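Here's a structure for you.
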Amino acid sequence: MTFKPKFNIPGNLLAGDTTDIYFARTVEILAKENRNPVAVMEVFATRPGILCGLSEAVELLQAILPAGEGEIWALEDGDQISAKEVVMRIKAPYLSFGLYETVYLGMLASGTGWATAARECAEAAGDIPVTSFGARHIHPLVAGRMDYAAMVGGCEGCSSIEGARLSGINPSGTIPHALILVMGDTLKATLAFDKYMPSQIPRVALVDTFKDEVEESLRVAEAMGQRLDSVRLDTPLERGRVTADLVKEVRANLDMAGHRHVKIFVSGGLTPERIRYFAENNAPVDGYGTGSYISGARPIDFTADLHEIEGKPVAKRGRIPGLAQNPRLKKVR
Amino acid sequence: MTFKPKFNIPGNLLAGDTTDIYFARTVEILAKENRNPVAVMEVFATRPGILCGLSEAVELLQAILPAGEGEIWALEDGDQISAKEVVMRIKAPYLSFGLYETVYLGMLASGTGWATAARECAEAAGDIPVTSFGARHIHPLVAGRMDYAAMVGGCEGCSSIEGARLSGINPSGTIPHALILVMGDTLKATLAFDKYMPSQIPRVALVDTFKDEVEESLRVAEAMGQRLDSVRLDTPLERGRVTADLVKEVRANLDMAGHRHVKIFVSGGLTPERIRYFAENNAPVDGYGTGSYISGARPIDFTADLHEIEGKPVAKRGRIPGLAQNPRLKKVR
Amino acid sequence: MTFKPKFNIPGNLLAGDTTDIYFARTVEILAKENRNPVAVMEVFATRPGILCGLSEAVELLQAILPAGEGEIWALEDGDQISAKEVVMRIKAPYLSFGLYETVYLGMLASGTGWATAARECAEAAGDIPVTSFGARHIHPLVAGRMDYAAMVGGCEGCSSIEGARLSGINPSGTIPHALILVMGDTLKATLAFDKYMPSQIPRVALVDTFKDEVEESLRVAEAMGQRLDSVRLDTPLERGRVTADLVKEVRANLDMAGHRHVKIFVSGGLTPERIRYFAENNAPVDGYGTGSYISGARPIDFTADLHEIEGKPVAKRGRIPGLAQNPRLKKVR
Amino acid sequence: MTFKPKFNIPGNLLAGDTTDIYFARTVEILAKENRNPVAVMEVFATRPGILCGLSEAVELLQAILPAGEGEIWALEDGDQISAKEVVMRIKAPYLSFGLYETVYLGMLASGTGWATAARECAEAAGDIPVTSFGARHIHPLVAGRMDYAAMVGGCEGCSSIEGARLSGINPSGTIPHALILVMGDTLKATLAFDKYMPSQIPRVALVDTFKDEVEESLRVAEAMGQRLDSVRLDTPLERGRVTADLVKEVRANLDMAGHRHVKIFVSGGLTPERIRYFAENNAPVDGYGTGSYISGARPIDFTADLHEIEGKPVAKRGRIPGLAQNPRLKKVR
Amino acid sequence: MTFKPKFNIPGNLLAGDTTDIYFARTVEILAKENRNPVAVMEVFATRPGILCGLSEAVELLQAILPAGEGEIWALEDGDQISAKEVVMRIKAPYLSFGLYETVYLGMLASGTGWATAARECAEAAGDIPVTSFGARHIHPLVAGRMDYAAMVGGCEGCSSIEGARLSGINPSGTIPHALILVMGDTLKATLAFDKYMPSQIPRVALVDTFKDEVEESLRVAEAMGQRLDSVRLDTPLERGRVTADLVKEVRANLDMAGHRHVKIFVSGGLTPERIRYFAENNAPVDGYGTGSYISGARPIDFTADLHEIEGKPVAKRGRIPGLAQNPRLKKVR
Amino acid sequence: MTFKPKFNIPGNLLAGDTTDIYFARTVEILAKENRNPVAVMEVFATRPGILCGLSEAVELLQAILPAGEGEIWALEDGDQISAKEVVMRIKAPYLSFGLYETVYLGMLASGTGWATAARECAEAAGDIPVTSFGARHIHPLVAGRMDYAAMVGGCEGCSSIEGARLSGINPSGTIPHALILVMGDTLKATLAFDKYMPSQIPRVALVDTFKDEVEESLRVAEAMGQRLDSVRLDTPLERGRVTADLVKEVRANLDMAGHRHVKIFVSGGLTPERIRYFAENNAPVDGYGTGSYISGARPIDFTADLHEIEGKPVAKRGRIPGLAQNPRLKKVR
């Protein structure tokens, strides 16, 4: 992605409210002791993955480092990283950034976890686009960050408004079951959508709410004609989930009725394994919508270690003193 | 917990920026169609767990429902819930709350995931207190919510300032490796902490930074005497992690040197399984600090279904029309 | 079952056409050698199970033993038997029955395999009746024997005409998909069935052919009223099979529409494990239809060993010479 | 096999006695409704395998379709088939063949199950011939069909008289334990066999009845000389089964005594896995006799679906309407 | 065992030839430094088991400690011990015993490994006696020690002459295959054994050398009459091993021929699991002979740690300084 | 190894004290019967491995065969052997060697077990030398034989004095924990070692006794300078064992302090799997010390079979009579 997001770090983060208390105490103690050495902090992940959260971490550091002080070297969001590879190095007086260790590590941990999971889905899907629909499965404070990370990892669309804004795209969405239930009929809901929505928004009919998916697909295709972009299959687990055979059956019925232009979009509990199942069974899927596989991805833990104090190599037990070699790092401040 | 948190839902959530785009469109379509029926929405989880996020969801709904309109029935944060059990029921004109489905589901999903993981740790630890140290492993926007959920699930302390505020407690923390590295010596760092910190904060020395854990424990215990509350073992994976035998060895050496009052606090990659390992091997641990097991817990997906429209039972395929029976629900609005 | 079946052993079996050639040769050789000792043959199974095929084997032996000669001791169809337990003992001049070893062992092997599988299904189903629908999955020459064995094992009905005759009951059946496809509509087919079939045959509507199961169930229930006995769910694997949740959904919708008297019958790939799944998930099933789990059951191998020749104990290596003790055996000739 | 079997479908099958009752009812209802459309039925298997039962199914259909009416396209016995591949297509007025769906599906299910299992054995054995000895482990009504299917699948001989007749060969057999027990000695029994049997029948001595296999092998080889074709090892499970080492030991002893022409035939609980064990351990086996692995093979379920009614594509849910493409199908009527 | 063995520690062990070179060097260095503190050494096992090798270790220490100096506390051979339980404590000037750490640890490691394995066999066998036949599977220098440990662990006999002497019993043995092969016949060998051996040695015929086990059992029983104590079944793996059914068959044939007094002894690859197999299948075994399960048992590693130097508690990292509590220890010097 | 060991078989072995009693009885019986045929004994292993114990077995046979009598063909210590491959053939009058079957089989079983385990370690380590330190984990009577076998299998050094003598090398050893505990300090102990030991013995400091391994490594490297050959890491299991990261950390700290010449030697619970773990994680290990993996290796059972008596092929059941072909055998007597 060449688009550069702007995260607008909120005030409570800049104020250190979300940090671990012991960093607040450390800064207080060192200040009282008049100790403020130039320190080099190196940050690495404990598992390999697709880096994300780095832009946000740098935005934070740019905001809190004193003008004219401090240097940062870093990789970029979207880079494939190895376990223990240094992804960011900060060199600055310790008191100017020591309070924020909890904050930038957390940005990297969550972001990299989501982006890595998105990459797995995208690789399983191959050429078929994957859209992130997981906003509902994660706390709304981070729903936008999650969708941004999903795009970094390889999705081609996302459903949350904030996530789309961070990614420089328009949000994607079909018709929720709620609209159909309120309207009382799939076709009525689809026609209402078609009536009021701007023409550039694709018409995607959700066809599993009340009746058989094949029956509904044919009804909306008949009524909408060329205006129908696709049907979305989201058969719930209680009804056996979407199967490869169901996709084939819908495809065959649409084709027999002359609706070859109508695409089929699949969602519901998708994982990389389930996506591969559709591919291996030659199901004619035109798009996947993933939910909690990406949004619920386990964060990838990051660690920040001091490796130099006033120019002298240091390290705690278990780590190697001095700066690590990583020619991929670029100076960003 | 009898303390009632106040979450101060931020403006972007109230504005619907983090919602799925299709709910924004649904509201727009129904408004243009002049459809605003009284609807009953029921919310349930797909897996059993410890409910959390409910207080925040209710705070949101109270903020957005029009004065005098809408009813809510709900369980409480901390309740044990079953799969598919209805945990909240909203009855109000659909247009007044339809936009927020993504938002309140996400609050419940993340909160319940964290609280459930915390309960597993607390049950493994039995009478020994567990503190949540996971803020650094998750995005700072939700670090406070995570620590609040950890407290709901059974932790007895947490490290993030915001999490402690939401839980009505003081944050817990020891001394970070960074302070010791900057000070250049474990003992110096501990004495500096002791010199400047208010007396009610327990003195907990981190003893694995530079030297052998037993050697450092004895050094700080000698120097601090009765003022030392405990030592914290956080031996990194590179050095074989904290083992039950190490805890016993530190205990034996402290006791032989007359420091029976000094407690031992263990952290580093703890999971319920690892906590049970300490218990099964009779390690004399006085406190556990958990990190990413709780903060990285997979959210527990929640679903919201319309079950009544203008008094008539409805449901999409796969769900039972009409209201579910759950006598545990209490009317909160 | 107290009903006594009559199998009418066909001529090619009595002629020895289906026997192993080496028994025909053995009889020829011994006759030429003038050796026809009184021999005792004992028959046992290699695995435990529910005995079946014994009545047919005795009917065969009664037909071929010379008048006034030969004794038989045996257990009965439906008896639970242990591995290696003697289930039948024949004492007669060897040449009078030696040719038929292949024949009676085969009757026991197949019959006991089917009856044992049926018992597993019946035990999994508990009080809920199980009907055998497997005739289509096995060679028609033995379809009747299979259904008889299913009844011996614990089924309460079977679909093949011959199997029902052997069991002394009326055959059970619903409406095949073929009738609905030819009639072009589920409801039309059900009404035609209702119009022409004798009133004592229960009306069971198959509701998964064209439309959603819930929709069709309500349609037939509305049209048939009290005359509708039950609906049958047979959702194919391509559509995710019948799930416990689907049964609950159909039940809830029928009840809400006032059709509490309509029962739900489930079929499609049922095994004891799948039947237990319905029970464990509290699915309100009123009847199960099993297919190839019973009809495709592996035969349980039986062995016939000579244990006495002219009153002297004999045995081949690996077997104990002389007669086995089994007080359960009853003299039947 | 180029030999064309004649199955002589018995009268109870032609009368529909073994069919599911609901087909009888369907035919009755449609007749009363005066509905007899030209219908196209397609038949496919749910698992891949070696097709068998097709010749018999066609013989049935030829017998029941009215003269001059109906068309059939089909594959042949012995063809390798895929899951869901159409193996037979019937186009005829529905009432002329609707009653027989249970019957021809059952022929295909059992036959294909047996032939597929036989192919697995034959492939495991490579160049070494496999003989089917399983008649005793299955109901005598189908013992001949089973042996025919075993031949279709790749066996080079079978023991049942009827199976051999259907396959156009002479039945194969050695000497049963019963003859040896009645004669009281392995050698006496073998000599009696040799005395009375036609010279073209190979002399195969069964050598595990009374004494050690090596000892008996040498005894019969000494006495029979060049007339001995082979010895058969059938050591029972109670005595540790036939092992690869036993075969080598018998071979070495026969060779040392100058009986290199005597072959070794192995039987007893053989499966493809056990046959591979002999090959992998270089056991000098000259022939295998399989029993219940083939005769007890699970039938492979077949399904018949209506795909066209009076020229219009139809299908039930889960299947694709209209005729499937399969250029391998040949018109046989 | 109340018998007290005498091991006669050979000179090369007393001279320290088998010790690790670094103990020789340690003693040399300390002597040159004039350091010879009174030291307390504690010895423990890393796994639980049945202690053995302790008597021999004490015999060694008694031989090398200077007269009037040194104290020893210890458990006894045959005691059940826990992991890390102190089994021996030595208090003496370090130079008097430091050289022998390798030596006494090795005695304990091997002895305890063998005794523990023997106990597992004895527990599996219950009331049926187990004899140790493993001398041939281990270096002859320790064959006697191994058999002694097997007796300590629960065997009731052993085959090596030296092992029997150490255990204060007569060695047990049957007839080897070699005698039968040289004599050319099982019966001749048994009769020769009977002719020359003292009458108190039980006559145990090995019956699997040339002919079928049942046949040979009956031959020797006929010929030896009441003088035959038992038959031994040792069927090799190449012939399928001894099975529970073979034992039953031999028993039944002996009983039918009136040789009820003849016992059955089983050997060949026995492990606790295989012994339990015979018990679970009700095989009438009268005695078991175990081989490499006991002799090839993995030694159980022991560790010796200095815990006091001149009265002051010491320990290396990972161990607790000072003396361990173990009230089971008895003073033996 | 071209060095030829001399084992000096002790008198109790030559006297037959460690043999199974039944061989002593066999010899007595045959002597009384005046049977002393020339017999050919063939010896083979039941599993593949690295042959050892053969030199010692031949030394024994040379000592007991009468002058001028008997022939021996054999492979050599260190040869890779297959399961069932004949490794030694003895041809002599049976009474001259029959007593010793237990003895030479035991030598081969233990020796081959140890050598095979050593080879696995050496192969895992690749170019990095492995030293055998297992003497303490096995009975001292065989400690020397074990170390000899470890050298045959591929070790480049061993710690027992006797093992080194048998292998024609100097024993290897570092400094035991005991010396450090008695001296009270790692550095003092290392300096004392350096003061008194001949200069050709490498100075290897054991650095995990009292303090952190990195700290001690730097202390001894500072004090010893170029005289320090290596440090040995032996961190106990209680402290998490030696990890690949610890090796890297020690290496980095030594290098940063200018001690690049100091090597790192690793020990403690090493197995082939654990050695591979170091290699796969690129740990800069310069030498491995193995203990009980080699010394506790399960013996590989050998079998001796008579295959010819007075020129006539014989064998017991399960074995092939007559001599086996093995062109690798060389005549050694």
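Chains here go by letter, A, B, C, D, E and F, matching the order in which they are written, and residues are numbered from 1 within each.
By definition in this document, contacts are C-beta pairs under 8 Å (C-beta built on N, C-alpha and C of every residue); 3 or more make two chains touch, one makes a residue touch a chain.
Which chain is which protein? Per UniProt: A, B, C, D, E, F = nicotinate phosphoribosyltransferase.
What you see is a predicted model; the values in this text were computed from it and never measured.
Asker: So if I look at the partners of subunit B and the partners of subunit E, which chains show up in both lists?
Answerer: Correct list: C, F.
Asker: Can you name the chain that lies farthest from subunit E, using the mean of each chain's Cα atoms as its centre?
Answerer: Max centre-to-centre separation from subunit E belongs to A.
Asker: So which chain is the furthest away from subunit B, centre to centre on CA atoms?
Answerer: D
Asker: Rounded to the nearest 5 degrees, what angle rotates subunit B onto subunit C on CA?
Answerer: The superposition gives an angle of 120 degrees.
Asker: Among C-D, B-E or B-F, find the interface that matches A-F: by residue number, over half of the contact pairs should be common to both.
Answerer: Matching more than half of the contact pairs of A-F: B-E.
Asker: Could you please state the distance in Å, as a whole number, between where the Cα atoms of subunit A are centred and where those of subunit E are centred?
Answerer: Taking the mean C-alpha position of each chain, the two centres sit 65 Å apart.
Asker: Averaging over Cα atoms per chain, report the distance between subunit E and subunit F in Å.
Answerer: The answer is 22 Å.
Asker: Rounded to the nearest whole Å, what is the centre-to-centre distance of subunit A and subunit D, using the mean of the C-alpha atoms as each centre?
Answerer: So the centroids are 58 Å from each other.
Asker: Give the residues of subunit E touching no fewer than two other chains, as numbers and ranges.
Answerer: If we look for residues of subunit E contacting two or more partner chains, we find 210-212, 235, 237-239, 245-246, 249, 317-319.
Asker: If two chains touch, include that pair; go through all of them.
Answerer: Chain-chain contacts present: A-B, A-C, A-D, A-F, B-C, B-E, B-F, C-D, C-E, D-E, D-F, E-F.
Asker: Per the contact definition, I'd like the list of subunit D residues that touch subunit C in the complex.
Answerer: By the definition above, subunit D touches subunit C via 10, 12-13, 16-26, 28-30, 32-33, 35, 37, 39, 53, 94, 98, 101-103, 105-107, 109-111, 113, 133, 135-145, 159-162, 164-165, 171-184, 192-193, 195-197, 201, 208-211, 235-239, 291-292, 295-296, 298-299, 301-302, 305-306, 309, 314-319.
Asker: Could you please specify the touching residues of subunit D with respect to subunit F in the complex?
Answerer: 212, 214, 245-246, 248-249, 252-253, 256
Asker: Please name which positions on subunit F make contact with subunit D in the complex.
Answerer: Counting only subunit F, the residues touching subunit D are 313, 317-322.
Asker: Using the touch definition up top, name the residues of subunit A that touch subunit C in the complex.
Answerer: My answer: residues 210-212, 215, 235, 237-241, 243, 245-246, 249.
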